[in-house]
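Chain lettering (A, B, C and D) follows the sequence in which the chains are written, and residue indices restart at 1 in each chain.
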Amino acid sequence: MPTLKPAKLGLRTRLFQLIFESDTRIAKAFDIALVILIFLSVAIVMLNSIDEYHERFGEVFYYTEWVITVIFTIELALRIYCLEKPGLYLKSFYGVIDVLAVLPTWLVLLFPGAQVLVVVRLLRALRLFRVLEMMTLEGEKRLLWGALVRSRHQIGIFLFTVIMLVTIFSSVLYLIEPAEAGFTSIPKAIYWGIVTLTTVGYGDITPVTALGQFISVAIMLVGYSIIALPVGIFSAEVIRALQRERYSNEACPGCGKHRHEQDARYCKYCGTWLDEETPDPRRKAKSPEA
Amino acid sequence: MPTLKPAKLGLRTRLFQLIFESDTRIAKAFDIALVILIFLSVAIVMLNSIDEYHERFGEVFYYTEWVITVIFTIELALRIYCLEKPGLYLKSFYGVIDVLAVLPTWLVLLFPGAQVLVVVRLLRALRLFRVLEMMTLEGEKRLLWGALVRSRHQIGIFLFTVIMLVTIFSSVLYLIEPAEAGFTSIPKAIYWGIVTLTTVGYGDITPVTALGQFISVAIMLVGYSIIALPVGIFSAEVIRALQRERYSNEACPGCGKHRHEQDARYCKYCGTWLDEETPDPRRKAKSPEA
Amino acid sequence: MPTLKPAKLGLRTRLFQLIFESDTRIAKAFDIALVILIFLSVAIVMLNSIDEYHERFGEVFYYTEWVITVIFTIELALRIYCLEKPGLYLKSFYGVIDVLAVLPTWLVLLFPGAQVLVVVRLLRALRLFRVLEMMTLEGEKRLLWGALVRSRHQIGIFLFTVIMLVTIFSSVLYLIEPAEAGFTSIPKAIYWGIVTLTTVGYGDITPVTALGQFISVAIMLVGYSIIALPVGIFSAEVIRALQRERYSNEACPGCGKHRHEQDARYCKYCGTWLDEETPDPRRKAKSPEA
Amino acid sequence: MPTLKPAKLGLRTRLFQLIFESDTRIAKAFDIALVILIFLSVAIVMLNSIDEYHERFGEVFYYTEWVITVIFTIELALRIYCLEKPGLYLKSFYGVIDVLAVLPTWLVLLFPGAQVLVVVRLLRALRLFRVLEMMTLEGEKRLLWGALVRSRHQIGIFLFTVIMLVTIFSSVLYLIEPAEAGFTSIPKAIYWGIVTLTTVGYGDITPVTALGQFISVAIMLVGYSIIALPVGIFSAEVIRALQRERYSNEACPGCGKHRHEQDARYCKYCGTWLDEETPDPRRKAKSPEA
């Protein structure tokens, strides 16, 4: 992601520090106020969806929602104003979210009902992690994220194979089971198949024939055991990442051996000084003897 | 936690040893009697909640319950009496539980129905572990507990992200699905979302539209695969804790630092020869030169 | 388990080899015939429980069942006859199963309906593993079984804590939810709690109040995440067992270092010959030179 | 699998390269066209199973299906034509799938309804992996597949034991529960048992008696905890495979054996100095003696 540079004007720079950074006291207060507004706004949409509250507080909710939307719109405008290259920001992950957070309420003017989409604002709360992260767990998050990224191909293949098998088995059940059992089409049978394989098991569609129940049992046992695969893949990647972290990649200049721990200063096999940029303290100690 | 010191009076000291410690024979008998009373009391509340038993044995249950409560209240009074700083005890984990275990029955005098809360007494049975632990598995419990504590941030982030995504997807389903399917409000839709993601799948609310079922399937597959994350995180922490065990506990005779691998021959920090039982091969090599 | 020694009489010894051992050809045939009879017998009980088959083949099933029971009874008598200490056998795991396998059909003479218990015979099929094991995977099974045994305390504590928490939360739901929702007593509420925590989620009892659904969601999230604990515990034990297996416990006689792999013949650190029972082949090669 | 050799004729060789290989541009285009046709064909079968679409587009679907089947049949004929030993191909995994992919539509002429089986064509999409794999993740797939193959015995024993226990418990529930609860026969009870143990929990059959619910709870807790076993087994196999990676791939210059750890300095089998770039310290020590 290209870094977002502030414009050089005094006001814009100060705005940039207030809105985009979080190392001054006032900038932190700004971030926290933002997160509170986000949660407030999402809570309003949720409560408004409950008939009882809608009748009683509908109007309050309506105006609060608009106030928050206007605040967020102004904030968005300021964000765009204080950046030198606002285009990059608008195309970035957080930029897209910021626009999405504002859109639904405005869209309501055109399409009634759209305000439910305001829950997308929750994604803005991810900023909270950015604030928290600066203090802690950056390293561990990178480790886990790295493990997730590196295992994405394998988990992708896993999911593809699983969906393929479910499709085939579900089609067989569509043939076997009567329509009254709920297997009215192949897509519906696949819906049932995934409900079964993932062990969710709603029970809205269940096999009623003996053969159908037998095949279902096979799908369940597969779904129950096969979970070992993504867990094993991911665990292995985490362990691999931990091991890579523990050892430096450099060989000992004395004996050429690898696998020295990151914090080692002497080779554990031959005692050679490993840090080539600073002199060996033993050398110093011996030079007067010479 | 500050340690709880007994008062110096003879009676109070003996009471302290009986109630708080468990190394003498009579103190152990006291602990076991307590645990039996706890389970008896909980069993009574449970059985009393079954109409049939309530009608037949209601009165027996009522009086037994009061007898046990009086015993527990006396025990609590003695606990407070025999400590020098009862305030610390009342604010500690077990102190709070001990008070909570006694309160419900007394509260019944004010609010009928509260006696069900007597099941809180079950938490007192945790004392049982304290007794058992002294004999075994202290080390392993610490290892697991440590792994749990160290992975709490990551599992917290995991749960927060999961709940956020569920909220957004559930709101979409609230828009799509008709109210008759059970999606009557966003909080209800979120309830459904978590029932689905955690693969519980009651089936009291199920999507009926094709689009809704398609999104549900996505949530299920995510919920099914994503379990790999907390498992991987926790496993990695356990393995990390085990590897820490791999290091020898001995300090380097040169610099006093720890964390040398079991098979290291030279200190990785200062290069000192670690194996005190055999001579350093470097010494030999240098002595003829001298 | 004390070993079962055969009597010294010719016939009894030969019977012992036929029935208890499985290294001769005929003894293997005997084992396989037994397993086939076991599965046949279980299949009959199953089919007999289906009304349709019971009506058509009820009598055939009845007589076959009796024939198999008589064969198993004779076999049991021979087992007792050919052992010197039949008491030990009857108290052993397989002895108990052998008696249980025969009892139900005889009990039917007293209590009609008991023949369903004939499925206990399935446990006799565990003998099959004894036959298969001799050829393969003895080592791996021991490794896994050892890991299971060593993690039993921790998984026990895990289950106890889980059940305790479920009991407390379920009692709260019993208070909150109306009886019409299915929460008619605390034991029923606990049944619901475990159905929820284990993510089974039948849906026969579901919360209907907002507060009840909120607490349910908490139980679900706990149940979904907490599975990481037994998995992590068990995985750690397996890994620990694997690491213990890989290294021999003996130190190198040359440099005193540990952590040599089981199949190593020379110390990987100093090149010393590790196998003290046979001479070093390098020595031999050098002696003529001397 | 025996390798499939192309016939030596020019046309057949070129056909072979087009159809079986995927390293030229046109061969890749052929593969992609094939995959598109597969997905198109499966999509048609799915949509056709939905009444609404069947009524509107039934005829279009019918003819498209036949066109695709004819294309696949010609492709199959060409595959057979361009191979020297088509018998080997027809008996291979992909050969069987290719025939199965063509059969259902032709079978429809004999048995109406069979065209649903066209979803078997999805298995042809596995070829897609062959194309993708060539570029990446061959090594990692082999690692996981190897771990899966090596843990198949243990997971087999795990599943057998689980099914045996479920059978026994389910039979007990068949005895206890009234037929109205859904436990109409032992096979049906086993279906319920596996639905419960795998935590699918449809809720179409649920226990209604107190004792039945108590036993169900036991099955659920076992099913919930026991998942740790296949996960642990598989994880252990993956970790074992990763550790094997830890060994250097180089053979000992003395005895030619492999499996030396990355940090070993002497061959653990014959004691030869492994690091060819630096001299053996033992040599130095001995040369002055000579």
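In this text, a contact is a pair of C-beta atoms (placed from the backbone, for glycine too) under 8 Å apart; a residue touches a chain by one contact, two chains touch by 3 or more.
Owing to the predicted nature of the structure, the values given are computational and were not obtained by experimental measurement.
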Subject >> Shared interface partners, meaning chains that touch chain B and chain D >> reply: A, C
Original post:
For chain D, which other chain has the most distant CA centre?
Top reply: B
**OP:** Using residue numbers, check each pair in A-B, C-D or B-D against A-C and return the one sharing over half of the contact pairs.
**Re:** B-D
**OP:** Report the inter-chain centroid distance for chain B and chain C in whole angstrom, where each centroid is the mean of the CA atoms.
**Re:** 29
Original post:
So which stretches of chain B touch two or more other chains?
Top reply: 187, 190, 199-203, 223, 227, 231, 233, 235, 239, 263, 265
Original post:
Considering the complex alone, what residue numbers of chain D touch chain A?
Top reply: 42, 45-46, 49-51, 113, 116-117, 119-120, 122-123, 125-126, 129, 136-137, 140-141, 144, 147-148, 155, 158-159, 163, 187-188, 190-191, 194-195, 197-204, 223, 227, 230-231, 233-235, 237-239, 242, 262-263, 265, 275, 277-278
**OP:** Under the touch definition given earlier, write down the residues of chain C that touch chain B in their complex.
**Re:** 153-154, 157, 164, 167-168, 171, 174-175, 184-187, 190, 196, 199-203, 206, 210, 213-214, 216-217, 220-221, 223-225, 227-229, 231-233, 235-236, 239-240, 255-259, 269
**OP:** Spell out the part of chain C that touches chain A in their complex, as residue ranges.
**Re:** 199-203, 231, 235, 269
